[in-house]
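Quick heads-up: structures coming right below.
Across the two complexes that follow, chain A remains constant while its partner is chain B and subsequently chain C.
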Partner chain A sequence: MSKKIKKKATKREKKDWLVAYLFILPLLAGILLFYVYPFIQNIWFSFNDVNKFNVATFTGFDNYIKMFQDKAVWQSLGNTFKYVLIVVPVSICLSLFIAALLNTKIKGKSIYRTIYFLPSVTMAAAVALVWKWIFNGQSGVLNAILRAFGLSAREWLQDPKTSLYCIMVVGIWMVVGYNMIILLAGLQGVSKSYYEAAAIDGAGPVKQFFAITIPLLSPTIFFVLITSIISGFQVFDTVYMMVGKGSMAFESTQTVVMLFYRNAFDYGQKGYAAAISVLIFVVILIITAIQMIGQKKWVNYD
Partner chain B sequence: MKTRNKAITHLLLLLGVGITAFPFLWMVLTSFKTKGETMQIPPTVLPQTFTTEAYSTIMETIPFAQVFMNTLLSTVITVLFQVAICTLAAYAFARLQFPGKNLLFILVLSILMVPGQIFLMPQYLIIQKLGLLDTLPALFLPNLFSAFGTFLMRQFFMSLPKELEEAALLDGANRFQIFGRVMLPLVKPGIVSLVIFTAKFAWNDFMWPMIVNSSLKKMTLGPALSSLQGQYTTNFPAQMAGAVLAVIPLIVLFFIFQKQFIEGVAHTGVKG
Partner chain C sequence: MKKRGLKIVALLMVSVMTVGMMAGCGSKKEEKSDGGKTTITLGMWDVKQSPFYDEAIAAYEAEHPDVNIEVQITPYKGGEYWTKLEASAAGGTAPDVFWINVLHAESYFDGGILKDLSDVAEEVALEENYPEALVEAYNFSDQQIGLPKDFDTNALWYNKDIFDKAGVEYPTDDWTYEDLVATATELKEAGLEEGVYPFVCPVDFQTWYYPTVFANGGWILNDDKTETGYADPKTQEGIQCWIDMIDQGLSPSSSVLAETSADTLFGAGQTAMVLAGSYMTPEYLTNDAINKSIDLVEFPEFNGEEPNVINGLGYAVFEGTKHEKEAKEFVAWLMSEEAMKLQGEAGTVISARNDAQHFFADSNKEINLAAYTNHADKAVPLPVCKVAAELYDLELSKLKLAYAGEESLEEVCKELKISADELLGTME
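Here is the complex of A and B:
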């Protein structure tokens, strides 16, 4: 009897196998062709000199050696780190602050949420155009406001000293609402009873925020942190749109992805670009690994 | 005290709203001004002479309707295929047992961890080999297959109770029926999230269309804005008109489906 059931089960199991393979086949075929094979080819490219006709000549570690000696690589890494180190903490703090304000009994909550979310559904290229116009040195509205307060106008985007900061402002503006929505969802999952108990103990809203909200929200904050760092590290669209090739601020705003793009598709240095893309991968991997280890110290999973 | 707190909260939130909304407002206002008016110092707030000149200017120089259709088509095709392909695979990964399952899932997951730049050059070469450079399919082909979408949908399938399927199996339903009639309706929120994410990504995609397509007739809105900028360096009304037209469809979509948008984003934080 039991043997019969077992036999039947395996028959069903085998049928399931077939169904499963059928279900994953389209994805797998596409992933092998457009992701796995390109990944391998790209790694191979990074050890080659790839000419205009995409013929690869093996050059060993030449691209990597060149990369470590290339000033542009170090500068673009520096720019990118600077961007991430400012945009990520500032945007998360702002998102958290707005989420905390919205998590109270307040009228018009959904209208606020909608407006704050708006920048994250808009095209970065379009957003960049608008901000470029706002930052414009001649008739930009930012300079007009500054002049009205008796301050001096500046060429915000042309000046290598301020250009990257302008791009950071746009980056922050675009991401705050998005992260706020995720954090607000996390906040709504925190039981009100913690706050009631803390209030009885005499803890004020600020103390409650740091003693209850932050620790209980730490898994969500961690998620937002990881995703923000990874996407911040790959900033491209806004830089491409806001700072032109001929700009004086070109070098001071060149991010690693920008450098990759220029080498791969403008300068025709495919092998070298491949090495840069591997560098981007390794750096992101290291940062994420550090985060994963570091989280044990501050993230609470209950 | 309490009303004062509420007033402060509103004040702070309104300040944020102002900063968030201003660029949109400025974009729309500028698009209806004349070029001469935008050169004035100090700038005018409302258009002195309301004109739609900027819109006709860009319509004349860019095959705008064509670019718009390219973007729309590419977005719709990406969404439809990605949802179908990811949902099928996600169901198998979440609910079926088969040899090699873990290995294959790890393969999918590891793609999720690799930054997109790694794949770009070889993907370009594949499109070239297929003879598809500067065509509509080039815009969406690699994006039909998504590790992220598969992972997201798998999370949704995993959260459903197993008993449902077992009951259906006992009733004699086969896997296809279970998938189509029992499971699919239950992961609707997941599908909605995926549709929104993919639509947003495909509509706003920038680097990839720029790489594979070169003629404006085959371009999507993002790169078209870039060439608009190159063509009208100092014509800010024209630039803003282009930006307005590029962002409006997604904003309209957002206002219609805002609940789903916001829940979809909130979900990823909780589920991911």
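Here is the complex of A and C:
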């Protein structure tokens, strides 16, 4: 490197750095210990046969070869894509709609905001359990309502045709509030003067929404999109809680993380599980990279 | 000067935070050294058994004033107990003594985390005092890595209220499978209330179809664990008998049972009869909705045999324990006549020790708990191997298709045998 740019740091500067590093040390140590180290170890594990007690024997690409031949991997990956493809767009549209409504001057705004946000602060396992009861084929509320209207009841979570959609409904319900809060914050950063100017020019609320709100909100939408897709690929707790191994829908709802969990903790095949988690990582990485490139076309950072 | 003081304060704070974090991470077990006492930890999962341990530990500590026993309860549900045990064993901080079951014994032995307890076995005259099948289940390469503490078998429970309402006679100990079907049919024809079934047939291996498979001369695993017996017609008959009951409308469909467990249905008075392991006894007896009107009989005979599967828990000592002597002494005491009697009298599990088995049935004379122990000597141990957890899942994933009536049992068993044998081949 050129010596011209890299000035020698003065004693004083060095001291400042030291203090700064000391200040971030607690957090840095946590990240190194709980994120970076396990991440690297996980990649190492994926090339090993790891038993229940973390004893690793190097096996090269065996886990990856097994993974690409494993039908369950492809099926669960398909299930996960299906989940993401529906949950992400629907939840973002819904939360955008609700955020836009709650950004207007209506009574009891803060009550609505709280209500919509509540699912996000509730434990996913508890949410899943309650929804499991709602969907219960024998005594579920949903079937009771359907019967009251003379419609036929179904075994919602047992039927491979409906089970994954039920889980999507819960997934959307849980995430809408969180996305809404972020979008709401974005909306409040949009200056009122744009709308006033647009109104004078004769633009209606719909036109205003698409011509002002969406473009100005695009950085926030982009953020929500990225985080939603990542958490969509990691869906686990609702599936784990709502669909048991004995359900006919088990195979058609199993997600990749669920498959990872079974291999790691039910079967004690931690090396294979590590390989599956690397697959999830790579898939998320590629999709996020595509989005980062694609965003240049539609995200407006003015 | 002032600035320097601030800097020192900042440095101090940072180091305190860092040290605090480090202390939080390494959850190293602190040896309680109150008055030179040795602390032995006991890892278990069943809260229902803590009254026994409270009593037993108090008795033990009175005899051994220099030992302090600490119980660590981790829930079994969702595999939490095993996950935690495996992680702590890998980290060297597992409890000194812990519960183990037959399903995990071999892989834990392979993992080298269990002490050989042959000396303790000799001390308590294990072979003489304990059922052979259970002793052998914890013996690998001539090492006794676990000591059987209790066992469970299965029996048929019934709800007298439902029988009385329908005017049908109660089951008896000498029932056969045919009697079960006949009575279930009678109950159905007598007209049960909406949502109440005569019987339940979930896809359950240990309590439902393994007993009948074995009674029928069928098999699941061969001796050297290289082949499965699903293709044997005798195995299939032992499974088909339960599917038949679903087809005849004597049990709710498999999709109902996949959502609501058989135990839950029985607990809610929604089934007249249910098969249940002896470990369910405390739960049924403390359920106020049914506990005044339930009783039990032996597992109905099948093919002229007394069907049953025996399984049970054992004590193991952690290879990395720092107090091997004290841990072994404690286990030896837990296996003694005195402790086994206490355990049996608590009425939650059947003590494995031959001379203490009857205490379980004696703990509640109002109901026929002897149904669990009458033919325990004829019960077959659960078939296990190193990939048992995967094998059971595979079995369930295929058999559920037959239970739901989507494919014939013969067809799914053919597929099941192929994938199961392949799975067995992955064991080295």
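In this text, the second predicted complex is superposed on the first by the 274 of 302 C-alpha atoms of A that agree within 3 Å, B and C clash if a C-alpha of one lies under 4 Å from a C-alpha of the other, contacts with A are read in each partner's own complex, and residues count from 1 in each chain.
Operating definition for what follows: contacts are C-beta pairs under 8 Å (C-beta built on N, C-alpha and C of every residue); 3 or more make two chains touch, one makes a residue touch a chain.
Keep in mind the model is a prediction, meaning the values are calculated, not measured.
Of the two partner chains placed around the shared chain by superposition, neither chain B nor chain C is touched by A:Y272. Chain A is touched at more residues by one of its partners, and among chain B and chain C that partner is B. In the superposition on chain A, contact of A:V130 is made with chain B only, not with chain C.
In the overlay built on the shared chain, the residue A:F53 is in contact with chain C alone; chain B does not reach it. When the two structures are aligned on the shared chain, A:Q234 is found in touch with chain B, with no touch to chain C.
Applying the stated contact rule after C-alpha superposition, one finds that A:E155 touches chain C and leaves chain B untouched. Residue contacts after overlaying the shared chain place A:Y83 against neither chain B nor chain C. Judged by the touch definition given at the top, the superposed model places A:D16 against chain B, while chain C stays out of reach. Applying the stated contact rule after C-alpha superposition, one finds that A:G246 touches chain C and leaves chain B untouched. Contact with both chain B and chain C is seen for A:L33 once the two complexes are overlaid on the shared chain.
In the superposition on chain A, the residues of chain A contacted by chain B and by chain C overlap at 19, 23, 26, 30, 33, 54, 136, 138-139, 265.
Touching chain A in their complex are the following residues of chain C: 7, 10-11, 14, 17-18, 21-22, 25, 79, 82-83, 86, 89-90, 107-108, 110-113, 195, 202-203, 254-260, 387, 389-390, 393, 396-397, 400-401, 404, 406.
On the chain A side of its complex with chain B, the touching residues are 13, 15-17, 19-21, 23-24, 26-28, 30-31, 33-39, 41-42, 45, 54, 98, 101-102, 104, 106, 108, 112-119, 121-127, 129-131, 133-134, 136, 138-139, 141, 144, 147-148, 173, 176-178, 181-186, 189, 220, 223-224, 230, 233-234, 236-237, 240-241, 257, 260-261, 264-265, 270, 273-274, 277-278, 280-281, 284-285, 288. Residue ranges of chain B in contact with chain A, taken from their complex: 6, 9-10, 12-13, 16-17, 19-21, 23-24, 26-27, 30, 38-43, 84-86, 88-89, 91-93, 96-99, 101, 104, 107-108, 111, 113-123, 125-126, 141-142, 144-145, 147, 150, 175-176, 179, 200, 203-204, 206-207, 211, 221-223, 225-226, 229, 236, 239-240, 242-244, 246-247, 250-251, 253-255, 258, 261-262, 265-270, 272. Remark: chain A residues 19, 22-23, 25-26, 29-30, 33, 51-55, 136-139, 155, 157-159, 244-248, 250-251, 262, 265-268 touch chain C in the complex.
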